[in-house]
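Order of writing sets the chain letters: A, B, C, D and E. Residues in each chain are counted from 1.
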Amino acid sequence: MTLPINEALILSCILFSIGVLGVVVRRNIIYVLMCIEIMMNAAGLAFVAASARHGSLDGQAFFLFVLPVAAAEVAIGLAIALLIFQRYKTLDLWVVARTKEA
Amino acid sequence: MAQNILFYLAAVMAVATTSMVVITRNAVYAVLYLIMSLFAVALVFLSLNAPFLALVEIIVYAGAIMVLFLFVVMMLNLQGQRGDEATKRPTRRQMIVPGALALLLLILIVVSLSAGTPAATNAALSDPKLLGELLFTKHYLGVKLSGIILLIGTIGGLHIGRGGSIPSTMEKPIDDVTH
Amino acid sequence: MFYNNGLPALWLIPALPALGALIIFIFASRMPARAAGIIACSAISLSFLWVLNVGTTLVLGNHHHFVEHHWNWIAAGPFQGSASFYFDLVTFAFTFVVAGVGLLIHLYSYSYMKGDAGERRYFGYFNLFAAAMLVLVTAENAFFMFLGWEGVGACSFFLIGHWYQKSENTVAATKAFLVTRLGDIFLLIGLFLTATLVGVSFSQQSAWTQVATSSFIPGFGGLTGPQLILITGICFLLGAAGKSAQVPLQVWLPDAMAGPTPVSALIHAATMVTAGVYLIARFHILFALSPNLMLAVAIVGVLTAFYGATSAFVQTDIKRILAYSTISQIGYMFLGLGVGAWSLAVFHFFTHAFYKALLFMAAGTVIHSLHNEQNIYNMGGLRTKLKGTYLAFLAGAASLAGIPFITAGFYSKDAILWNTLSTKWGSPVIYGIAMLTALMTAIYSFRLIFVVFHGTPRKDIHVHLPDRLLTWPLYILAFFAIVAGFLNLPIVFGVTPIWEHSFARVFGEWQAEPLIHSHAVEWMALLGSGVLALGGAGIAWLLYSPAKAPMPEPAGDIATVENNTPAPYKAVWANFLFHGWKMDGFYNKTFVRGFRITSGVIAWIDRVFVDGIFEAIQAIVRGFHALVIFFQNGRVSRYAMVMLFGAVAIITILLIGSQR
Amino acid sequence: MTLLLSLLLIPLLGTALVGLSGWVDRNFARVATLIIMIVDLAVAIILMARTSGGPVQVIHPWIPSFGVSFNLYVDGLSALLILLTTFIGVIAVIISWNEIKEKVTSFHIWMLLLQTGILIVFMARDMMLFYFGWELMLVPMFFLIGVWGHEEKLYSAIKFFLFTFTGSIFMLLALLYVYFQHAAQTGVLTFDLTQLLQTELSATAQTWVFLGLFVGFAVKVPIFPLHTWLPDAHTQAPTAGSLILAGLLLKTGVYGIMRITIPMAPAAAVYFTPWIIGLALIGIFYGALAAYPQRDFKRLVAYSSIAHLGFVILGVFVGNAAGYQGAVLQMVNHGLATGALFLIGGMLQQRTHTRLFEMFGGLWRQMPVLGGFLLFFCFASLGIPGTGNFIGELYVMGGAFTYHPLVGALTVFGILFAAAYSLRIFLATMHGPETTAFKNLPDASPRETLALGTLVAALVAIGFFPNLVTGPLYYPPDLSVPQSGRATTPAMVMPVETGTPSPVLAPTSPPLHTYLLPMNSNQLSDQRFDIASLSPDQQEVR
Amino acid sequence: MGHYQPLLPDLILAMGATFILLLGPLRDSQNLRDFLRWISLGLVAATAATLVWVNHGMATPYPLVGEGWLTTAPLHTAFAVVFLATIAWTILASTVPDEDAGEWYSMLLFLGTGMIILARAANLAAVFLGLEVLSISLYILIAFRYSKRSSLRGGIMYLLLAGFASGFLLFGMALIYAVFGTLQIAEIRTLALATDMGPMAKVGFGLLLVGVGFKLAAVPFHMWTPEVYESSPGTVTGLIASSSKGAMLAAFIPFLFLLETHWSIIWLFAALSMVGGNLLGLREIRVKRILAYSSIAHIGYVLTGYLAGDTLSANAAFLPSITGVNAVFFYVVAYAASILGAFAALGYIQGERDLTLRDLRGVGRRNPVLAFCLLIFVWSLAGLPPAVGFFGKIYLFSAAINAGYFWLPLIGLLGSAIGIYYYLRIIVHLFMMPADASDPKVHASTLQEWVMLGSAVAVIALGLFPETIFSFLRAF
């Protein structure tokens, strides 16, 4: 029973590209955060696929390390997003960026 | 065989839902799509013979992180009304260049993948016992660091979040930390 | 310490006036004006006495020359020039004139410059000039001579520009300095040639004979010996022409009259302008070795003589007449050198110094007593008022004209004329022109006498009588102007010419031998020049006698230096001659304006182009900056896109790289 | 040995003393600096006496891992330039007594740092130490121009800094290249110039090394195309600044060429000689012509120093004893004469607050003494005999003449143009009708007369006794230096034994480098030409 | 205990940080800030001591500790000690309100932990986790003053872009792991050198380079630098510019084997950074942005050194001490000393809006000590003699020339010539401009002024005696 390893890797590439596209295109902080999550998840998937290919569990252990990183990032990202929403009344990055005080 | 069918199903579902996350206007829908995409990925894990990870993904990823998202989106009631610029879908014109770049990235990586075709070995079943043992012997430093990361995440969330809770009017003039 | 092993020290001659100048400059502010004059006069007189002392020991002890070496001044590769002095008969003649006539002029200017604002400065520079001139004539090698040569040029610049408030004087001084400096440049090139070929010390000049014979000299791009000699000679000639105001470079002398009259008397009559003669006399071996070089000198000489005479003929300013006549007389000296009559050229310099200094000082007395009036057509009938000055002036003018048998001028000029006819370098054509010039010289010198002293005063200016110091030097010089001639009576008189005979030792076998014609022809030439002189005086009486002196329409004011000078005469040729054949205007238009334009253009180029290159580089860099900063507009998604672009670029490079 | 170190340490530690005394009272800072400068001058004089016995060298390890040692080496040439540096340093302090009013202490600290930088450059034998000193000079000068300069000070300070810094980049690359070639060939890691000169460089390598070093130094000397920073920097610098800039910084460029560029790539030097002589000639005429129409006093003098330095470079590259001696002489004279002109320019600006010629005119009546000094220095700068400049220019012209008669003749015409602008300086300020703009300006104060007087004395002394300057150049060679054909003499060196023909000198005359091998000066003076071995044959330089 | 002994330093630091967090809420005692400061200093010192003690006396095949996660190579240990020193310096130099002191110091210590892990990482996971600990604590430190709008903007920007970059890094690692099957860098190295790399591995390392490029702010990934440097607190900016980049560089040293295949990428990074960095800052008037752009250029110089590699390339002249890696170490130390001081000095100058060159004029006049220190730091950044930056730059370029590069050092030196212009502008505005209306207040406690003066003197001393840094390196 051959595991769909190559296909999984390709799937992770697709998800990764969608995540990248999302970050580059969307202007809302929440969406960008989500897309970063997608990218992280895709990478995790790639890791699991890779560990399946080599039969060693390191990849899966690595996936378990990726999760808390993603979680922490989201936590802080959303906290900052809240403050920005409260201060700038919007979550649109282009607005936040342009209002430079200088 | 069963794995493959399951895999293809999950793969299609994952791609569909993830692309919907990027496209949809309404933030809540986006979060829900993301949760469905995570489920799809969990199914893929199953097909890759890693049931424990699938569960972890659902519980931790979908359960914890996505709930956090949902909570924030609800709180800021980002319904994606017509007027709100932030959640407007990017116009066709804005999509061209980034889209082309992302597509090129995909093609390049896939091309490089297909070139290398290492033999597919029989995947060892990743039962939690083996994984746990590996984690706490070989990668114990990793676990420690993950713990630290979570701790920092919480402190950060607390510290910055605390700033937000104080309504702006009553804001205490904080002695400006080194600028 | 002034005597080393019995012989008088030579360094003392230039040292005394130099010391005088130093004292005057250092203590200028702390001493009264008159004291400067006294120090200056005493210094030059001591120096004159010392010259006599050294001269007599030289002549009596029958030495050939003294050499006194001090220290190793210039020592670089082939260019060796030590600070050392050389004293032979030629030097004695020149130092005698410089110190002697110099002393008289110092005394004269002691009263002439009384009450002048810059009196201390004047006497300081006057002494410095004397020192420089003495160094020039007593130097043992050409580099040390060049020290005096340039020093003299600088002092003439200071003294011409003495009254610096008026800008004409400054322009005249600058023109004098720059033109002489141009001459010095050619002299310097000549010196370098000599230094590499032979060595600059005067005692080594005999080496030129070897150069003349050798056909190939390495290092000069295949030039042969004779060609090199010609080039060096030409350089020396141009150098001498610069300093002695000969044809190509004579424009500065007429304008140099802007300085005080004693300055003109000493510098622009007796001493500095004859430095060129001294130079060629010192390098006579070099000149004698190339016939067409001698011809060149002769031609320059006679041409300048003719040019000077014609211009002097029409001048209205008393000092400019004398200036052009000086140019003409030095032309004769160059003619003498050109025909190989070295000692006679020196002799003519000797006599000319006396009567020209006399004429200038007399003119100074006239100007002084007429309250600085210089236009001869405003003067007249001074014969009765300034009796003594008139007599002295008459003696000088006669000597200048060459009145036969009684004036020194006659003997010295006639000897040169005779040699022009009779030596192997001379030629009848040049003799003819020289005789014509002699006629014109007689005319303009007596024109001066008649217009200034005879007839009725044209303007009733109160004439205030000059004091003793302004007149006694004139009488002494008048005496010499008459007596000096007897030093070199022509052989035809049956007596040996003392001057030529004694100088044979210095110029030795290079002396020309006038054997081509018999004594009879010499008598004829003698009488011929005498008749010309008297004839000239007669013509002058006819043209300018007080009875019917043709008054040109009221003369304009004194010719200003710039070429827009008013033309006092109606006749075109007169104005042409008046402006010195318009050479000054020509030089101004071509070289001076050319220099100003090119320097303006170069300065503009520097500001615009050379600077521009670096401004352009800066602009390019700024351009790149604008290009790069364009993306920095703060939008996160724009940054993310650039990063994505970077990632894609990296991967494509890698994949393409692997294919290759 | 302690002599060399003390020469450097006195100004360096002096800065602390000045800082302290300045904190107490402003004028104490001036006095302290003057004392330090005078002591340094004394040490320099002792050093000059010492080097007559042979070069003095002191080596201390500094960065062993990189092969850099604190290696100071002073022979005749360096001793001479060090004496000039300290002498001008004293004059600079005297001059800025009441010109610098604000921030006096830091002014003097920067001056002392600048002195240290220049002294390091003149003494360094180790190339990294040389580069260290070379860059160290920049910042103090930048501050002197930038803080105490006149109206356009910032533009010119930055321009000065950028020009020199960019130049020094090429120098660094060339030095590093030679350093690594030497390490590759001998396996020894050192920046010591004596050993670096032993490296065998191929023809192309020599060309690139020569070009790199030459460009680096040419910016400082200002050779023709790279000179645009000079007029701005000189005009805007304070008097002391422009004095040191003209007197010393330009000489570090020439010293670099003499000491490093030519010995390191002799074949390339010979190959490029015609080009560089062309540039020098252009520099002479360009500088003179550009100087003449200037309306600003100091700017005119700045352009004139381009012309003077053109002579110096010509002297260096002409490749014979006369040229080399003339170059060194001109360096010293230019420092004194042009430095003095800048002093007078500064004095005029101090009194009239302007430098434009149209404001001046007929000031001689009001300032006779200052007028006298200006007259002397104008005539010195045009090379009147009796002043050192004449001797220098004579030697350079003689050297150029020996190199090639046409080049010599062309150079001689240079001094005619020099006369034009030098006279203009004097006539435009002192002659002509008196300006109504200024009434009874104060004449030169005793302090100013002292400074200018010493410069006059120095110039006249060199004028009559040039051996004072050219003598030390021929102190006996350092025996410790390997006496191979490639003697590491300061200036032009020819690889005789490598058979490259010495196109400059005919075989009959002594080969080029014997001129430059330090031998006692009298041996040189009696070595004169007789007819047989005439001046060098001028084959075309390949 | 022997097994866990090598992990002692990291344990001390991490647990110490949490301990300080606990002390944080005890707000009642007034001088809480000083108390916490000295405790955290003590912790940092203890960590450094144990680090040295643990790694002392290791034989050449330096063993990996922590189950192959961390290496004990002297170079990496030296790097770690240097980064701890920068953390200690920041603790001393930063001012922070009493009630936030707990979080501030613990964050700094966590940052330190991240750095020493990253610096000594021998395993892909260690690289990733060390990097993430470092980055996340930086997110918080950047956005620490949530009351100011600009710091929020900087924080979110850095967070999003860092997340984006670590996404790439992670995906790259996944691909590498997929090809080689192991996470140990040493094993990957042997496998990569054995067979020539397939395209998948190349792309994997390429994506890894993207992550590294972002962290080092090399040119294609440098866009975030100006905003983030400007909005984050002074001392934190110093840390970002010096030690966080330094840590990434240290982690990147085991990847030197990439030079065989990815040489052109790194070459491009170096060249573009040098040219781009120097060009960006030309017309900038906000001081912090000028230094931000210059830090991009400096990374270019460091990468030139990195390209020279650690082994002596065949045609290289024999040069035992100045290999590329030693030059990189020297430069990181030199650059850290100057940039930390410079940003801290700028941090002390208060002003409601961003600090412009015009504000500097008042400083030059009112506070000479600060102005003098700033002058020395800018002097060293410009690479001028008496300061340590001079030899830093020379070592890098001579290592590059030694390794046979010629064009890169030339571009670097020309770039630095362009760069000198804006350093000069800072000096000009500090000292040579007339006083201007806006007169910014300067908040600097005596301790901070002494720290500034100390580091200025250190910069000059190291400049005069650069050998000390190498002897420090050889001591390990």
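Observations on the structure shown:
The working rule: contacts are C-beta pairs under 8 Å (C-beta built on N, C-alpha and C of every residue); 3 or more make two chains touch, one makes a residue touch a chain.
Please read these numbers as outputs of a predicted model, since none were measured by experiment.
Under the touch definition stated at the top, chain B and chain C share these contacting partners: A, E.
Per-pair tallies of C-beta contacts place A-B first. Centroid analysis (C-alpha atoms only) places B farthest from chain C. Relative to chain D, the most remote chain by averaged C-alpha coordinates is B.
Distance from each chain's C-alpha mean to the overall C-alpha mean is smallest for D. Separation between the centroids of chain C and chain D, computed from CA atoms only, is 37 Å.
Measuring from the averaged C-alpha position of chain D to that of chain E gives a distance of 44 Å. Centre-to-centre spacing of chain A and chain E amounts to 26 Å, using the average Cα coordinate of each chain.
Chain B and chain E have Cα centroids separated by 30 Å.
Shared interface positions of chain A, defined as residues touching 2 or more other chains, are 9, 16, 19-20, 23-27, 32-33, 44, 49, 51, 53-54, 56, 58, 61-62, 65, 69, 72-73, 76, 80-81, 83, 87, 93, 97, 100. The set of chain E residues touching two or more other chains comprises 125, 129, 132, 136, 139-140, 143, 146, 155-157, 160, 164, 168, 175, 199, 202-203, 227. Across the assembly, chain C contributes 634, 636, 640-641, 644-645, 647, 651, 655 as residues in contact with two or more other chains. Every pair of chains that touch is listed here: A-B, A-C, A-E, B-C, B-E, C-D, C-E, D-E. Within the complex formed with chain C, the chain A residues making contact are 20, 23-27, 32, 93-94, 97-98, 100. Of all residues in chain E, only 315-322, 379, 384-386, 390-391, 394-395, 397-398, 401-402, 409-410, 413-414, 416-417, 420-421, 424-425, 427-428, 431-432, 465-467, 470 touch chain D in the complex they form.
Chain contact summary for the complex, chain D toward chain E: residues 62-66, 128, 132-133, 135-136, 138-139, 142-143, 146-147, 153-154, 157-158, 161-162, 165-166, 169, 172-173, 176-177, 179-181, 183-184, 187, 189.
Across the complex, chain E is touched by residues 621-622, 624-625, 628-629, 631-632, 634, 636, 638-640, 642-643, 645-647, 649-651, 653-655, 657-658 of chain C. Within the complex, the chain C residues that touch chain D are 25, 28-29, 71-80, 83, 117, 143, 146-147, 149-151, 154, 158, 161, 164-167, 170, 174, 177-178, 181-182, 185, 188-189, 192-193, 195-197, 199, 207, 210-211, 214, 217-221, 595-596, 598-600, 602-603, 606, 610-611, 613-614.
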